[in-house]
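After this come two complexes, each holding subunit A, first together with subunit B and then together with subunit C.
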Partner chain A sequence: MAKLRVKVQAPDADRDAYHVHLPTYAMVPGSWLPLIPGKIDKDGVLSTQPDGKPVVLSPAELAQLTCEVLVPDDECNDQGQPDKAKIRQKYKGQPRWDRDDVLTGI
Partner chain B sequence: MVRVQVARKGNVFDYWLRTAASGIDYAGDAIGPHADTDRVTSTVPTSMKYLITRTSSQIIRDGAPTTPGIAEVWVHVSGIYLHRLAILSTNVGDSEHDAAGEGGTAQEGDALIITTTDPSTGGTHAYRANASFVRFPEV
Partner chain C sequence: MPRVGFPGGPRLNWYDRNPACKVGVWSGSGVAPHAATQRLSYTVPSGKKAIIEVLECSVIRKTAATTAGVMQGYAVLTPYGGPPTTFLVAWIETNTVDARSDRFLGGAVTLFAGDVLALKTLDLSTGGTGSYFQAYKGTEFSA
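On to the complex of A and B.
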């Protein structure tokens, strides 16, 4: 397994939870950054602020949101980074992963 | 004397023998409140299937909250629940656990996922969740 820091994606049409745009991963507990009191903790985005209002991240905050993940070796290159060709081959024909921009923005 | 031979070619157990049991697992202690988060994901590779054999999960209140919320962990295949566990407690040490034998399969492109959530204010939980499966080629 390779450990790397990647962007965390907000819930979207494909996933209704915060997630990482990789086909197979395991989040490392306590690795979330940046830490913003009342909004982002070491293990995720808070659902409510101390005053009970829902947490809403600004686009700038969301763009900086990262965590560490473990990724299988057979999806990484020799430098331990996700490898587009390997991922496309392993998930060949799957619309979400077999595409040119599969690793864009991770 | 009659010698009996058992033909194994094409036997379903051949597929079981070819691939080791695998699984996904999440273990986190002192995890603070958070919105729904996919902690672990395993997408079924092309031309493979997962035969899901077992899932289990546990939540332990390990830090007292200011205001408790219902903390949950669930194991699912692309949104289809295998099981979902919840706890609402302010008492450190309270816990819930669940385990189930499964007979489901996940097809290529499906994602086997462990998701957690905790809408409490303050406090922490420890989470344990896993799913075991056997991977085999589609036939």
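On to the complex of A and C.
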């Protein structure tokens, strides 16, 4: 397994949770950055502020949101980074992963 | 004389068709209340199948919340081309320290190419912390 830091994606139409846009991964506990009191903790985006109001991240905060993940070796290149060609081949024919922009924004 | 049986010989059992062990674990302690987060993801590669032999979701409240909300560790299966479906949930709604919920599933889940197994957590409390353990172990093999 290769360990790398990647962007965390906000919930979207397909996935109702904060997630990483990779097919197979394991988040590393306590690795989230940046730490913003009242908004982002070491293991994720807080659900509520101390006053009970829901936490809402600004676009700038969301763009900076990262965590470490473990990714299978056969999806990475020799430098331990996700490899587009390997991912497309491994998940050939699967629309989410067999596409030219598969690693865009991670 | 005509051959009887499978052309080329009988097909190997699934556990002999290029098997590979697949394991994922996420364990968090002292985790603050958080929005739904996908901790683990496993997507079955093309040309493969997988049998998930062990699946576990555990949740423990470690410190009391100011206002308790639901705490969950849960498993979601998204069949290739289908909608996501939650099928295993560890769930706490009390504010009692050390309250816990553990859910296990063994040897009953077969996944096909493009299917996605995701393990997620959430805590909708205000204040307090929890500990979580989520894991799967499976065998991936040629379809």
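Throughout what follows, the second predicted complex is superposed on the first by the 106 of 106 C-alpha atoms of A that agree within 3 Å, B and C clash if a C-alpha of one lies under 4 Å from a C-alpha of the other, contacts with A are read in each partner's own complex, and residues count from 1 in each chain.
Everything that follows uses one rule, which is that a residue touches a chain if its C-beta (ideal position, glycine included) is under 8 Å from a C-beta of that chain, and two chains touch if they have at least 3 such contacts.
If you're wondering where the values come from, they're calculated on a predicted model, not measured in any experiment.
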{"item": "Combined model on subunit A where subunit B meets subunit C, clash or fit", "value": "clash"}
{"item": "Which of subunit B and subunit C A:K39 touches, first, second, both or neither", "value": "neither"}
{"item": "Touched partner set for A:P23, first subunit B, second subunit C, both or neither", "value": "both"}
{"item": "First (subunit B), second (subunit C), both or neither touched by A:R99", "value": "neither"}
{"item": "Contacts of A:K84 with subunit B and subunit C, given as first, second, both or neither", "value": "neither"}
{"item": "Residues of subunit A at both interfaces, subunit B in one complex, subunit C in the other", "value": "11, 15-20, 22-27, 29-30, 41, 43-48, 50, 52, 55, 90-94, 97"}
{"item": "Footprint of subunit C on subunit A - complex, ascending", "value": "11, 14-20, 22-27, 29-30, 41, 43-48, 50, 52, 55, 90-94, 97-98"}
{"item": "Of all residues in subunit A, those that touch subunit B in their complex", "value": "11, 15-20, 22-27, 29-30, 41-48, 50, 52, 55, 90-94, 96-97"}
{"item": "List of subunit C residues in touch with subunit A within their complex", "value": "24-29, 31-43, 45-47, 66-67, 69, 80, 84, 113-114, 116, 118, 120, 122-127"}
{"item": "Parts of subunit B lying in touch with subunit A, wherever the complex brings them together", "value": "24-29, 31-43, 45-46, 66, 69, 79, 108-109, 111, 115, 117-119, 121"}
